[in-house]
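Quick heads-up: structures coming right below.
Next, two complexes with subunit A in common: one pairs it with subunit B, the other with subunit C.
For the complex of A and B:
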């Protein structure tokens, strides 16, 4: 705040503060309020700005703490309460269960397959989007990307149920050719199909900035040296876009590995992933201890993969440039 | 086949693949029959009338909107202040703070959801709708920080010094200079948070009971039993909201923003 002498000199001859517009008085009040903050605490201001966000994320850590504690207690099925003693019994139960390993294998295989297909399909899309000279075409491709991104997994799976069902459009079309009807839904391939469609926007959004950063001149140079386009792609574009490819692969694989909705809706109960197994532990068998243990394993698995991604992207992944 | 023809063919097929389920839901909602199908059987708005009459769906939609409002109201101030703090001041452990704030993205949704379910259960918060909004804010907060950070980075710090030079106090500088300058980022972030909360499924599924069902959970519960066209009609709301959101986002920050490398 300024010394008051200068202010009062300015105020000479003015009738009353009440004549000031309301917005001025509100701002003066705000300044007065800010001035109440003692100068010696000025170093704490930046933490005050950060505090709400730290607090909100703190709930997440607190929740994980509660979950980790529950994972160490066994469910007593005579009272339906978790025991007071802590042990690793739930982890032993999980690792000794054939269902757990079968589900884990199914989730991991899905992560691999979906990631591979997504990268193959996302690359040409991102390439076309970043290389086109037509602004309208680029916008169209961007809208095609964001529209499904903003429509949740459940609604999209619902669309597939309508399209791929026994009386759906696809079976009708096959029927006119004298084929089918085929049972396409409620199978592992159906889950993978739905997941690829769900993950594609993520893959393209991770890839596009990396491809935009590859200068077109380099490609032209390779071509003028006589390289055909598959060779330009293999030896120039893909190596230069590698960070984007890695980022896309890790995002798609972690999201697939931990997905719940697609296996639940498109799998019909026969193609469950680890997240579905967790859900069943809590809501079918009511074993909160075992459920927490499996969730913890899955969380560690997913966080490790995501941590690798962050190590590649650097700590600037939030997009905040370091302070000046 | 040359390179251009190849990647344009794939891009067109992918675009069709991406659009298919939304278009099917949109089309199926106009059917006159009682069986949900695409292409629809005739054209009518009867299922939209049914949705307006159905108390369950209307209630679920109202709760989802409330969840989105709570989530946005919490995330906008928290995310904006955090982005300003990280860009404006030097922190000794800046990298650790950024990693901490990114935790909602690195922890899988099922982990966050189960953790929050157990925590909210202990705090006796289950059974109301607003904790679902808080949970949606927790798991999506990095989006808000990221959206505002893009605007803060583009802001010239000299502007604040100029304002101070002209006699503006800290409150005036922030309210009249900084806030208007970063408003596009704040609006884009708020829009993202609203849409994501409206669509939030897995964490809601874990946090709600029969009286606090949100719209995605209601749709999920219904499509597991029987496919009726009124669900297609209510899902159309999502397609419409997504379209409006894209329009606003393009106006406010421009969709091209997402193609720029950091």
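For the complex of A and C:
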């Protein structure tokens, strides 16, 4: 008979499987499954891992293909069906439309302005969140970051209508000072304001990991070499946080470029973006041909914006290794 | 203390309609062999006062009489259309049984061949000619009532009395305080006349209309949809708008100080209707037709349209007390003659062009 101490040592050396975390047990099971995979098919494993992504991209490309085909067919409004003949008439119609150029200009300018403002505002927020020594402040900043994600874009936009309307809280407050009421809604600046408020958390979320990855020791080292904080920021922190800045710019600019709800709610109908024009063609006039053409142009614009950003910064700026 | 619900005219009419339907509908249906009843039928509807009125006046009495539940699908009429079209093209069962739709929008579905023919509805024999669509083969749509795009205004902004012309929209003191529909719908004929043109000029000579809308752009109008108008009046954002009289009436019922008028140039009159998409099983098609047939009956229309404040197509309806003599509630041919009517087929065939032109002006 073994003494109690020995039995206890055995239990410590080989605990039951239930004692392991669930994630460990799941990985064990996955490994056991992989072991069943024949060795000669090992080259296919990477494709298996890629399969979900390829499936999603495949569906997207399929949808784009359908749209590309529809974009080449004009709508016959006597039968409300797309014609069989293919032509570039829808693209010609779009490019000849003042509304198209106005909405395209508005969308692109908004992408530029909102991205710039969000990066400027997000950087100090993310920096404070990752560098603060106060746990309470960090929690507060984290709550401030994640709370907006629990409230949809439409609800937030309607919130601004309540705050900034002619009879809203801001005008009420101004009224007590004998000022106003002022029209603060239903204009292009109002749309930009709403978009900045909506996009800011995305920018912080993209920037924070990049800033957290910058070792504080590097900053200390620069300071110990005599660099003042602004110089450290310019020559150390910002260059090292570049992947986060580029990622934030990519996300904010493309989301802004394709936004629908904010111009629809806060623009008062006079500050539409390209996405609103697409909606109009598909659902108001039922012109799927013209709608598809504008959708493809919008996709091309978004891709170009992303491409220009990456070309400007280089793919390595996102932390992705370049191909050799 | 408990509150006993008041016996309002609408409540009384709703109760009467339910009783009448319960008595009348089975008799009507016994004339034919009655197919199997579905558990429910789905009717697409607009929200707010629109669906409330439909439920009280048509759906609830229909359920009471047949035992078939009615579900209201509040998907936007524009958004359900492509889904229906896709289902019809692919031979699938459509997502709804009945589409309550604007006649112009429904006409596009009829032109595409997505609608069942409704010419065998018994009540079509008794309703006003307005119920039958103009310029279409058969009866793919049944119009159920008319409505007018009135000039709605806040009386407080017009201390000298009601505006008499659409030209008031160009008054600089209303800059930024006027509203139109965001696709220009309902305003083209009024703008055509206000711009110096004629109704006969639609659709071939609409420059007066575009000229007037072009001048209006300087006024920085808000562009929205039905619920926006009520909210904008309520929140003091606008003083004057071109909107359907029902929206103005609903705002007024909600305590907003709003009035409306039909200006001297006239105002566009239009119709809404109901249609059934192709592809339903035979028994469901039968009961969907019975629903529309009942919606055309005097008892259903009286309650339904009392809630909306709109003139129906059933003969002998009593106008709501607050709308007797109101020019936005036309009941006679003379009343309709003062309004501006554009055939739905012309609207359906030119909607895209008019929309593009309106957008070019307002967004450009």
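Everything that follows uses one rule, which is that the second predicted complex is superposed on the first by the 239 of 324 C-alpha atoms of A that agree within 3 Å, B and C clash if a C-alpha of one lies under 4 Å from a C-alpha of the other, contacts with A are read in each partner's own complex, and residues count from 1 in each chain.
Basically, a residue touches a chain if its C-beta (ideal position, glycine included) is under 8 Å from a C-beta of that chain, and two chains touch if they have at least 3 such contacts.
Just so we're clear, the structure is a prediction, and the values are computed from it rather than from any experiment.
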Which of subunit B and subunit C A:121 touches, first, second, both or neither: first
Query: Just subunit B (first), just subunit C (second), both, or neither: which does A:136 touch?
result: neither
- prompt: Touching A:77, do we find subunit B (first), subunit C (second), both, or neither?
  reply: second
Message: Once chain A of both complexes is superposed, is A:282 in touch with subunit B (first), subunit C (second), both, or neither?
response: both
- prompt: Just subunit B (first), just subunit C (second), both, or neither: which does A:103 touch?
  reply: second
Task: State whether A:22 touches subunit B only (first), subunit C only (second), both chains, or neither.
output: neither
- line: Comparing subunit B and subunit C in the superposed model, the one touching more of subunit A is B
- request: For A:167, select first, second, both or neither according to whether it touches subunit B, subunit C, the two together, or no partner.
  value: both
Message: According to the stated criteria, A:177 is in contact with first (subunit B), second (subunit C), both, or neither; which is it?
response: neither
Query: Do subunit B and subunit C touch any of the same residues on subunit A, and if so, which?
result: 161, 165, 167-168, 282, 288
- line: In the complex, the residues of subunit C that touch subunit A are 76, 78-79, 81-82, 85, 108-109, 111-113, 176, 182-183, 220-224, 235-237, 348-352, 355-356, 359-364
- prompt: Can you name the residues of subunit A that touch subunit B in the complex?
  reply: 1-2, 27, 30-31, 33-35, 46-47, 49-50, 52-57, 59-67, 70, 121-125, 127-130, 138-148, 150-163, 165, 167-169, 197, 200-201, 205, 208-210, 212-213, 229-230, 232-233, 254, 257-258, 260-261, 264-265, 274-275, 278-279, 282, 288, 291-292, 295-296, 298-299, 302-303, 306-307, 310, 315-324
- prompt: Given the complex with subunit C, which residues does subunit A contribute to the contact?
  reply: 75, 77-81, 97-99, 101-103, 161, 165-168, 181, 183, 185-186, 268-270, 272, 277, 280, 282-288, 290
- prompt: Which residues of subunit B touch subunit A in the complex?
  reply: 2-3, 6-8, 10-11, 14-15, 17-25, 28, 35-39, 74-75, 77-79, 81-91, 94-95, 97-112, 114-120, 122, 134, 137-139, 141-142, 145-146, 149-150, 152-153, 157, 167, 169-172, 175-176, 195, 199-202, 205-206, 216, 219-220, 223-224, 227, 231-232, 235, 238-239, 241-243, 245-246, 249-250, 255-256, 258-262
